[in-house]
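Okay, so chain A shows up in both of these, paired with chain B first and chain C after.
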Partner chain A sequence: MANRMSSRPLLTLVVKRTFRSVAIYTSLYVILTFVSAGAVRVLHPSGALAIALALVPAVAAIGIVRPYILGLREMDEFQRRLQYEAILIAAATTAFASVAYGFLEILAGFPRLPAFCAVLVTVGAFALATVFLNLRHRV
Partner chain B sequence: MTCEPGDLPPKAKRASLLYMRDMAICAVVYVGVVFGAVTLIRHMPFSLPQWAVVIVALTPLIPALMMVRTYMTYLRSMDELGRRIQTEAWLISAAIVGLGTFTYSFLEEWAHFPRLDLVWIFPALIFFWGAATFFVRRRYK
Partner chain C sequence: MKNRLKVLRAERNWSQADLADHLEVSRQSVNAIETGKYDPSLPLAFRIARVFAMPIEQIFSDETEVSA
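Here is the complex of A and B:
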């Protein structure tokens, strides 16, 4: 407990810096997505150009993950453990949701959902798990 | 893929062997349940009511839950470094699959790539977790 209290200022700095970098790259991702969508609407591309435009936002997506992993390595053991638990919960939720709905799509005729629904489930579960775990441990 | 029993102390070696045995059983049960569900819904002379189809379609979740339980038991038996490697591998896998599916959605919409069934997300997560575990372990060595 004393250790955790004494490392709090450094921890806050690392967490803040990590989430600031993630927020910047997420904003860039959203901007690039809109730019690509706009270009597709105007140019009506096909073939290689359409593929290239679809891949443009992925550049920023890599930028979202990298600072998070680097920040995670700098966090103290307690904060890192909370993040790891949240990641495991998010991965398990995504796996279950995709298996459950995937079979309902194929076998029970449920409407087909686009693949990006998986990332929405992952991000949503990760956010909820982070909030829940932080509340549970009263950080 | 995630354990090398030859390098481990006896207790960890036992946990590793138990994990591999239980996971193999779960995998066999999973394949059996999936084939059973498909046969029951698609290849039977009678047709099931919709509520029964939904229940049968969800039965593969049972062996999937067994897999998670087996994995959690194995994870708890690991030391701090082992847990850290595993969770970093899950993070990388979730990131690749999450961002990959998002990117693939654009390819579906704009470049008319074939639609991806959500049922492939789970195997993709497992595949990238396995690959990431290999690379993360190498980094810590």
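Here is the complex of A and C:
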């Protein structure tokens, strides 16, 4: 019998650690976005400082992607397949939602939304797809 | 693809968790293979064959194969 601590708990650990890191950096991203927006409102910067302040949250965005990719590499092939399916569903949802809302803006006079709304759609669709796929293969 | 994973596991009195430990995959993966929802890659199929000390073709069979 293999050492019971050798694989399954480790894989569960990988998934938990990955999503914990992603959650921490996502929170940091939200905080930095508000800090950056607040600083722009107070300082009214221009030129290089305005660009730098606008890009501050991007540092946290890199932090979101990196642990996810590292965690993905440590998952087993079936877990990885579920993640790829969730990513595909999220990408397709974002593409369809962007195109559909784009037409609504142009043809039906809907209000213009900031580009970062696409990220919210992607993250929301990815979270829902992950939950749905894991419930489907629950043991 | 059909497989005899559940039967072979039962013969050894292993739980899905035990087999998952042997294969170094999650229990979710073992369950998905057993229920036919997921066909393992060739490297994993070889690992399964090694764990059960059997040739791959005695564990996995093609559903479309016509029996003689």
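Just so we're on the same page, the second predicted complex is superposed on the first by the 131 of 139 C-alpha atoms of A that agree within 3 Å, B and C clash if a C-alpha of one lies under 4 Å from a C-alpha of the other, contacts with A are read in each partner's own complex, and residues count from 1 in each chain.
Definition applied: a residue touches a chain if its C-beta (ideal position, glycine included) is under 8 Å from a C-beta of that chain, and two chains touch if they have at least 3 such contacts.
These numbers were taken from a predicted model, which means no experiment stands behind them.
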Query = When the two structures are overlaid on chain A, which partner does A:Gln79 contact: first (chain B), second (chain C), both, or neither?
reply = second
Message = Just to be sure I read the superposition right, which of the two partners does A:Leu32 touch: chain B = first, chain C = second, or both, or neither?
response = neither
Key: First (chain B), second (chain C), both or neither touched by A:Leu128   = neither
Message = Just to be sure I read the superposition right, which of the two partners does A:Ile87 touch: chain B = first, chain C = second, or both, or neither?
response = first
Request  = Identify which of chain B and chain C touches the larger number of residues of chain A.
outcome  = B
Request  = Considering only touches as defined above, state whether A:His137 meets chain B (first), chain C (second), both or neither.
outcome  = second
Request  = Overlap the chain B and chain C contact sets on chain A and report the shared residues.
outcome  = none
Request  = Flag every residue of chain A that touches chain B in the complex, lowest number first.
outcome  = 33, 36, 40, 45-47, 50-51, 53-55, 57-58, 61-62, 64-65, 68-69, 72, 80, 84, 87-88, 90-92, 94-96, 98-109, 112-119, 122-123
Chain A-touching residues of chain B, taken from the complex the two chains share = 34, 37-38, 41-42, 50, 53-54, 56-58, 60-61, 64-65, 68, 83-84, 87-88, 90-95, 97-99, 101-112, 115-122, 125, 129
Note = chain C residues touching chain A in their complex are 16-18, 20-29, 31-33, 37-38, 40-41, 44
Query = Hey, which residues of chain A end up touching chain C in the complex?
reply = 1-4, 6-8, 11-12, 76-79, 81, 134, 137-139
